[in-house]
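Each remark here refers to the structure printed beneath this line.
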Amino acid sequence: MTVRPALPSAEQQADMMAVVLARRLRDGERVFHGVASPLPMVACLVAQRLHAPNLVYLNITGSANPVPETLPASTVDPRLLRETRSLVTLAELFDLSARGELDTVFLSGVQIDAGGRINMSAIGPYDHPKVRLPGGAGSAALMPTARRTLLWRTKHDPRTFVERVEFVTAVGNVDRVVTPLCVFKRVDGRLRVEEIYPYTTPEAVRAATGFAVDADETTPVAPPVSDTERAALDAVDPHHVRLIEFA
Amino acid sequence: MRDKRANLRDVVTSVPDGASIALGGNTLHRAPCAFVHELVRQQKHSLTVIKTAASYDVDLLAGTGCIARAEVAFVGFENVFGLAPRYRRAIETGQLQLKEHACYTVISGLRASAQGVPFMPVAGMFGSDVVAKSDFRTIEDPFTGHPVVAVPALRPDVAVVHVQEADAEGNARIYGTRFEDALIAQAAQRVIITCERIVDGSVLATRPELTAIPGYLVEAVVEAPRGAWPLSCADEYDYDHEFLAAYIRAAQDDAVYAAFVEQHVLAPTVAA
Amino acid sequence: MRDKRANLRDVVTSVPDGASIALGGNTLHRAPCAFVHELVRQQKHSLTVIKTAASYDVDLLAGTGCIARAEVAFVGFENVFGLAPRYRRAIETGQLQLKEHACYTVISGLRASAQGVPFMPVAGMFGSDVVAKSDFRTIEDPFTGHPVVAVPALRPDVAVVHVQEADAEGNARIYGTRFEDALIAQAAQRVIITCERIVDGSVLATRPELTAIPGYLVEAVVEAPRGAWPLSCADEYDYDHEFLAAYIRAAQDDAVYAAFVEQHVLAPTVAA
Amino acid sequence: MTVRPALPSAEQQADMMAVVLARRLRDGERVFHGVASPLPMVACLVAQRLHAPNLVYLNITGSANPVPETLPASTVDPRLLRETRSLVTLAELFDLSARGELDTVFLSGVQIDAGGRINMSAIGPYDHPKVRLPGGAGSAALMPTARRTLLWRTKHDPRTFVERVEFVTAVGNVDRVVTPLCVFKRVDGRLRVEEIYPYTTPEAVRAATGFAVDADETTPVAPPVSDTERAALDAVDPHHVRLIEFA
């Protein structure tokens, strides 16, 4: 049997997640992220340097294809306006998705369930919550209207990945869910493990997931971060802003 | 148009307890914090705050008991400092009533108000428990019969927007992202502009395309240098990381928080 | 983003007969006339034209049989030359089918499309016979039960906007009044920009607030100097009073009109 | 009995109408005109020079309080942008009225009836019109939502002022109707003569109107154009652009 490896470092997890997210992006598509989205920010910029030079990188500042000098910790930061040639309001960004013209949106959830539903609202009874969460921001409007949703979450444990969320903040066209251990793909409305990362094992993924998953020795393993991917990561985010999601 | 310049104290005094206030900006950026600080100083209460995505501004209003109700889609300090501690507490203890939105339903409600109609149909939202919790309705398109979610008009009593430049008539120029600032000005019954500096109207006339809010919608304009502090203002200053870190630390304990607010907000030197 | 520069002939060729086309500009100002002239040259037919207030552009398309249907609120030459002679004739003879709008219902229908919803509630309209004639519906506000007029989504197949400056990616800067040009670009399935001149994207990046239409909504951008002629283009040229006067005179007689169109529109030198 | 005077010149009519319209405007109110509105354009600029310095003059170009160097014949002309400090879209102007924040709108009708309804659509059967008219532009949305509508029409004859329009393009909050002969005021839903001009007579007004009107010797007569009004007219419109409505 496989010995569970030591928990990978935050650096390893952040790099792997950024690269795996970038790999999922397609050249020429319109991609959007909102507030609190450092990994998607890095993934978009990395993808543009590698296989997706014509990707249209949109974000909640209203800019398009910005060329930030330094990456901000806030993904609504004016630094994300640098070199943009257009600037639109939040309303126009949501409209873009509403009419089916947004190809990919990045969203996250404090809880994510086996159906790809997310909870960003409350832990415990909604009206008397144990923990009031920030709220879903754009997710309830975007998840059903964007052509696909890429969910990401930097924590992978049984309390985060649950069979059924306590409150459905948003649900919609979830395509993939990227975690520090694996990539889930939504098939017939349920999350299935598409690939696990080189630094973990099927057992570790199963143990970390609060719903039944089919990871086993036959589950594909994602290619490790390549030299060119590493170079792109270093060029885009030399100061490791992406690590802030693991603080 | 008449000269609408006013001082912050008088303008805030004109806002009655119980009013609904829409705040400009987004998360850590260009919120009208000088105005918010003055609301706290004047101990306003029973206010409703309306915003898509907020951070320090709404957290402080919750922590100081100024707001009894919030219509918002996100309140947090992003990955910089995480959850909004006093906003959280206020809801968990039942002191603050939340009408939860998606950013787009805040926008839709404001659009209905700006367009003088009682509701606005909004795409998406299907399957979200927010629809039922916030009393949105699913209706039929009168032409096709297809279902669509409807959001009621959201008409703030007051919209407050902080901008980089405005003239004495209230014409407001915004550099960088406008967020929903023009929309909340259209949707609200009263519009108050705070700005980094008052400029001569002739400056705005050289390029009126850059004026985000026309003066004829504006009731008062207040010159408030660093008026978004401790949040950022594009082309002017970044958010104050040290101050916000101290705020978050203080917010973990009621007594420490009260002392922090006393020292940094109630003290009149705050905006200096 | 890719280079979207194209020539006028190819772009117009890509527009199929029967398409619905929303035109930018308003009455005598900044309509995409070079594009309209090429539609006539290529003898397009069965088109639907969508616009709030038009003049020469729609009159010519009606007079040359390119359009079979119009969704408009006003077509005329204002007080400068009065009624639109060929548009009038086409409707009076039944060759052109009109779905009459108020400017605001055109805007409302475009807004519905831009926002991905099937209809838009619109204020006013009560008592107007246009509501029944154009098959708008009076519905009940789901929250208050109050009546409000609903307009169905208006989704043009193609939006065509003439601007002063655009870059190769289609980012379009408009100086002066934008009219509904940004809205029709949001509402349409395809967006074509014609411009006085192509500029380097770095120019637009110096002040992105001035970009009215973002390049990622645009399919093709055509450099068409004097592309609004014989109508005006702010900061560039006035409308051509002599040409329009000659057009109106010619329009009084079918044979004279045909000769005028042959000489001034079908002749390839028109845009020179 | 009064002898009907000679028909006043176009100059007299244009000057009187511009001044009468300007007199009806109040200081501080928000006033809007759309396409094909030279007389309202002149009236707004005249009123600002006389009793209404704080009038907010809005027009379909989206400008506010422009200071045109020369007046355009088209009232959508870029000349109306000069010195404006803000610029909005048409949609925003209609929104302003829709939410009840527009005080006064200027509108006209090819036919105007005793109830203040206007027809800008068709003469003859709507679906097979004898004359297809330009259309009502903003009127159907603005007349019911603006706080008041000032109608003006440069032709006053029985075919223009009718008991009932053939087609109701728009109806709403009509306050006054200004013609080359008189001012109608809408009272209890019907137009009544408020004042006639010095250069005409009650008989002439009755004869020119297609519905019963109550003009008689007791009907007030509008003050003639004063020297200060004349001076303002000359300053605002030295080239008599206002005459174009009488061409």
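Annotations for the structure displayed:
Going by the order they are written in, the chains are A, B, C and D; count residues from 1 in each one.
The rule we apply is simple: a contact is a pair of C-beta atoms (placed from the backbone, for glycine too) under 8 Å apart; a residue touches a chain by one contact, two chains touch by 3 or more.
In this text the structure is predicted, and so the values were computed from the model without any measurement.
Just to note, of B-D and C-D, the chains joined by more C-beta pairs in contact are C-D.
Averaging C-alpha coordinates per chain places the centre of chain A 41 Å away from that of chain C.
A straight line joining the Cα centres of chain C and chain D is 28 Å long.
With centres taken as mean Cα positions, chain C sits 37 Å from chain B. Among the residues of chain B, those touching two or more other chains are numbered 115-117, 122-123, 176, 178, 209. Residues of chain A in contact with two or more other chains: 63, 81, 87, 97-99, 145. If each chain is drawn as a node and touching chains are joined, the picture fits none of the line, ring, star or complete shapes. A list of each chain pair in contact follows: A-B, A-C, B-C, B-D, C-D.
Across the complex, chain C is touched by residues 34-36, 38, 60-63, 73-78, 81, 87, 89-91, 94, 97-99, 117, 121, 126, 128-145, 167-172, 244-245, 247 of chain D.
In the complex of the two chains, the chain B residues touching chain D come out as 1-2, 113-117, 167, 169, 171, 186, 201, 204-205, 208-209, 211, 213-217. Every residue of chain C that touches chain B in the complex is listed here, in rising order: 112, 115-123, 137, 139, 141-144, 146, 148, 150, 152, 174-176, 178, 207, 209-210. The touching residues of chain D, counted against chain B in their complex, run 28, 30, 54, 56, 58, 63-65, 81, 83-88, 92, 95-101, 145.
Chain C makes touch with chain D in their complex at residues 26-29, 52-53, 72-76, 78-80, 83-84, 87-88, 91-92, 94, 98, 100-105, 107, 111, 122-131, 133, 176-180, 182-183, 232, 234-235, 239.
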